[in-house]
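Written out below as structure tokens is the structure these notes cover.
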Amino acid sequence: MTKQFVVISAHVGDFVWRCGGAIALHTQNGYRGTIVCLSYGEMGESARLFADPEMTAAKARAIRRQEAQAAAEALGADIVFLDGTDYMLRVTEQMLMTTAEILRQTQPEFILTHPAADPSNLDHVTAHNFALEARMVAQAHGRPGGPVIGAPQVYSFEPHQSELCGFKPDTLLEITSVWETKRKAMECLAGQKSLWDYYENVGLQRGAVARRRQKQVAGSRVYAEAFQKIFPSAVEFLG
Amino acid sequence: MTKQFVVISAHVGDFVWRCGGAIALHTQNGYRGTIVCLSYGEMGESARLFADPEMTAAKARAIRRQEAQAAAEALGADIVFLDGTDYMLRVTEQMLMTTAEILRQTQPEFILTHPAADPSNLDHVTAHNFALEARMVAQAHGRPGGPVIGAPQVYSFEPHQSELCGFKPDTLLEITSVWETKRKAMECLAGQKSLWDYYENVGLQRGAVARRRQKQVAGSRVYAEAFQKIFPSAVEFLG
Amino acid sequence: MTKQFVVISAHVGDFVWRCGGAIALHTQNGYRGTIVCLSYGEMGESARLFADPEMTAAKARAIRRQEAQAAAEALGADIVFLDGTDYMLRVTEQMLMTTAEILRQTQPEFILTHPAADPSNLDHVTAHNFALEARMVAQAHGRPGGPVIGAPQVYSFEPHQSELCGFKPDTLLEITSVWETKRKAMECLAGQKSLWDYYENVGLQRGAVARRRQKQVAGSRVYAEAFQKIFPSAVEFLG
Amino acid sequence: MTKQFVVISAHVGDFVWRCGGAIALHTQNGYRGTIVCLSYGEMGESARLFADPEMTAAKARAIRRQEAQAAAEALGADIVFLDGTDYMLRVTEQMLMTTAEILRQTQPEFILTHPAADPSNLDHVTAHNFALEARMVAQAHGRPGGPVIGAPQVYSFEPHQSELCGFKPDTLLEITSVWETKRKAMECLAGQKSLWDYYENVGLQRGAVARRRQKQVAGSRVYAEAFQKIFPSAVEFLG
Amino acid sequence: MTKQFVVISAHVGDFVWRCGGAIALHTQNGYRGTIVCLSYGEMGESARLFADPEMTAAKARAIRRQEAQAAAEALGADIVFLDGTDYMLRVTEQMLMTTAEILRQTQPEFILTHPAADPSNLDHVTAHNFALEARMVAQAHGRPGGPVIGAPQVYSFEPHQSELCGFKPDTLLEITSVWETKRKAMECLAGQKSLWDYYENVGLQRGAVARRRQKQVAGSRVYAEAFQKIFPSAVEFLG
Amino acid sequence: MTKQFVVISAHVGDFVWRCGGAIALHTQNGYRGTIVCLSYGEMGESARLFADPEMTAAKARAIRRQEAQAAAEALGADIVFLDGTDYMLRVTEQMLMTTAEILRQTQPEFILTHPAADPSNLDHVTAHNFALEARMVAQAHGRPGGPVIGAPQVYSFEPHQSELCGFKPDTLLEITSVWETKRKAMECLAGQKSLWDYYENVGLQRGAVARRRQKQVAGSRVYAEAFQKIFPSAVEFLG
């Protein structure tokens, strides 16, 4: 049976910047990933598009959707659009049920989503709560849509300003082997070009810490992504 | 090369109640463990011994040392006594250097010790800081005693009152396979008989949570110990 | 005038496992308790019922309601069902007004409910906020339904995983004298048999700490429940 | 261009007690302030009005509105009423869009609102989240209503019980020069006379700390208000 | 048997401003209080004394000691001076043993001391840790000086800047009945005259909250002191 | 009168990586800075030096001292060496008195030092506490060494792993205008070449956030350093 995982992302960009490496790494190692994208980020992430005076929200949505599709393909994962509007994102019961059904069908090993707090972007908070709600609904008996799920780990991925969001990484995932793939996926997001180098830097900074923890040779170029577990994990050994 | 680990314990009882299962599990799976025992706990852990009106601190130390030796043997680990006095435990530069040397010689995969806070038992706080100091000294260049160590993970083990100590477990280690060994080690501590069942209960409570996380059959009797990582860990996969 | 208290519980099981002892203790000492039960927990707490392939959500609701009624009777308290659906629990303005009216009519000495956070069960978070909202509505002037209430203390009761929920108990209530009653109430919940012993253990663990604080004889079998105050309390003496 | 600021206040009283000094100080120094008042506080802040048996909610609203208008005038700021009902305050999409438009039109230097938590008054939490949401909507491209705003600082003002609300002041604003104005504004709120001296005391207590930080002569009568920044601020010098 | 309590105070002023009301209230109700005063505060609390150019540290100590003695008498408690020097306070093993002996002899119902953190005054942190250490030493078997103590509650009293010190009051003690006594004790500290009114205000502010919690008539003049429990307390009833 | 500031740094590298920009910026704008360097970091920061098999601790100290001197000159500040040994750093009463005297002589506008926590490097914690102690001693009356100081702000500068150290930046200082100077100072530390680019990246990441807060043109290359205030600051205006 193929191991699966699910990503729940408020906007298009989030799944690329914050866990694109994790998606690529796991898919290249035999996992199957499904990205649930709650909105297209056409309001909050598209300043560059709106520099064009002809731009409209509808056009921006279409462009962003294409970019997201391309990025997901580059990473090797399926993507499902739930068609929400961002800034402010409002989720519906329908979106929740669809996501719970995806969780039941995929029986994921783990779920990736936003941290619990982000005062600069409440859409992220909405997505976090939505992910935990969908997990609960997928655990509930007496509903259609396949067998209930167990208790998969939920990881918060790294927000834009970690300390502002109370994000305290406890898990560093080395993504050096898939770095080129992540970079390619980032470059699918033409509307946010200014962030490509920014997030390359983030990858290097996290990599510098991961390298030391893994006793790798100083000087090598290592990339990593940072995550925070929501639940305790059950392990077989401590080291 | 044998994988090794080091336990830094304020009193005799601590390494048994709080991580005896982890010690037994790893030693039965080929790791070699070294317990650094800072004091004998003759003041703070020996109420039952002092019920004997003939008891003296010196006698209590001797009895506790024997019990600790027996418990360490039952668990399969080496034990080093640093001869401190408890309630209040005061550590010396000599104790620190000895421990740093042990870390250099063993090059441990991980270190187990007390959490950072415990208002009801400041000896535990002293041991926590001592463990972090010894790790630093063992990382420093320009000192004798073998090659420097890398950056081994430090796990806090579970204190008596977890919430009072700000202990938030992120790692549950199933110890069902070595439960009988841990129980036997606990029973070496004749002076603290009242705690045997208490810590058996703790094992079952943590096991109930671990079981769910590992999708085990409800109803089976599962034991676990809870730990909290101090540093982020670098992993190869998320699940 | 009879002293009263109100319990606000997300699911049927919660008021039994988490504060059944407090309910029994106070009712046996002349208080009158009212349990507001927001849902029947037929989705999230009824895995055992759904092992029966004939089971439906409607049947599960009916069974759970009966069990809850029996448990409330065993504990000696009134119970009011607000007929919500769990996993995910959604509360309505009507449910809020009904609860506020109960608060006005009972003028409770204290309110018991869930802690503010629980990432594994957002229904509990919903119930917590609902309880604080109902308290506010009952404090507001210019509404029908009896005189406004003062500022009754709200206690959080113990969640399933205390550290995960940021639960830090500040109040231990000894319930040894009513333990048999609590056990009987737990046994009314036939669908959750696996939890009976689990919560007996919780009672003993909390009792072990309470015993020491009350200078009771070691060895005696003491049960307690743990609570956390939301507001500061005004006292006449400190000890 | 006139520098502007916006205050988002759950009830009438809040903008007076908690940041009346800041409003007066900035308006007397050339800023223009706009107060967005979400409700009239006729339910939760008007116990004194309801001592009159003829009082109704509608009458209380009218009185409170007049008082608020007078207080805003005393402070020198504009006030916009969004006509919500308090205890419990429910905000609407319409209220949100109106506020976002005000933010776009005023392009404020900073925003003042309630802290993120207040277990005794969830209306304050609602107002806090509402303020952050309005800020986001005003930052979103592709919407009518003027140019998007930048990233203005948001300050939490002081709640009634600071420690209960996790309020940790990092900014003390001396308001001695406008104290008489603030006192006059407070006295516009005839229905809450009991709070006038209370908040004069708060001003003096905060002033005592601010005085020491500013090296002022001990003994002088200094008033201050306390604030907590939500976001980091970019500065030119550190002192 | 007379109920007893012990206060551990870094400087002379602390026991007066922070818990003078609690001392007076309990002594006037039959408790016996012992104040352990670690230093005279001649360095950090005596700016006014040093306005006299003839002042020396030795003279300041003598004056402060007299003032402290007078204040303790006014409050009705014994006072023991441990003769430390403040700013920076350094505690010795001898001071610790003396205090542990006092705890054994008095077998206190509760202990009052400083909170765990205070970045503006590390002497307070030293006193907090010292109090917890003395409690541990007094709990240890095998030492001379009387029977071991149980597990008395430790209350932190209110620091100068509560939020800066992470002080979150959970217990409000009304001290209206002994207010005149506390004021008189404050006035014994002639060198800190500027603080008398400041701490009268603190008493009124805390009183305003306590009054509401105790359903007292609005408008009455109520004084209170605020405390935070370090350990959970075992209670017989919740309200 | 020249405005002054003081930096208290555990090791040589710290004042360069963590606040070299702040030092250069203020000195180039007329402030005078004094760096108090507690140790040379010859144990913990000099892995590269010890790659030379002839290296000794004494040689490493001498090299590091020279590097530090050069870096301080590049930044334009005075530097005082207190000659401590690192890993583990132990501070003495003499070091404390010397630092307090420097504070009295310079009467600094602000102090820069390490954050309160760093589990990976307790020398930083020692330096933080040392800075707060020196500030207290410099505030104490009755001591020689010049007039007492007021209550200067203390800023924590950014540690290596911000989230691990509980560092939450509230102040971003743009250092673009002095970036070349900081880079030059970093390059004085030849033994830590691997960190030059790492800290250039940190500067850019913090700059990206600061830029947005200051409404600067996207795309420009902005550098910043991040700080956290320990005490509330008294301000004249909020924005």
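A, B, C, D, E and F label the chains in the order they appear, each numbered from 1.
Basically, a contact is a pair of C-beta atoms (placed from the backbone, for glycine too) under 8 Å apart; a residue touches a chain by one contact, two chains touch by 3 or more.
Listed by chain with UniProt protein names: A, B, C, D, E, F = PIG-L family deacetylase.
This structure is a prediction, so every number in the text was calculated from the model and none was measured.
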Of A-B and A-F, the pair with more C-beta contacts is A-B
Do chain B and chain C face each other with the same patch, meaning over half of the contact numbers show up on both, or with different patches?
-> same
Counting only C-alpha atoms to place each centre, which chain is farthest from chain D?
-> B
For chain B and chain E, let me know how many angstrom lie between their CA-based centres, rounded off.
-> 37
Of all the residues in chain B, which ones touch at least 2 other chains?
-> 151, 161, 164, 169, 209, 231-232
Name the touching chain pairs, please: which are they?
-> A-B, A-C, A-D, A-F, B-C, B-E, B-F, C-D, C-E, D-E, D-F, E-F
Could you please specify the touching residues of chain C with respect to chain B in the complex?
-> 161-164, 167-169, 194, 198, 201-202, 204-205, 208-209, 218-219
In the complex formed with chain F, which residues of chain D make contact?
-> 3, 5, 22, 25-26, 29, 108-110, 112, 150-153, 155, 169-174, 209-210, 212-215, 224, 226-227, 229, 231-239
Which chain B residues qualify as touching chain F in the complex?
-> 96, 116, 129, 132-133, 136-137, 139-143, 148, 151, 154, 230-232
Report the residues of chain F in contact with chain B in the complex, numbered from low to high.
-> 42-44, 46-47, 49-50, 55-57, 60, 86-88, 119-123, 161, 164
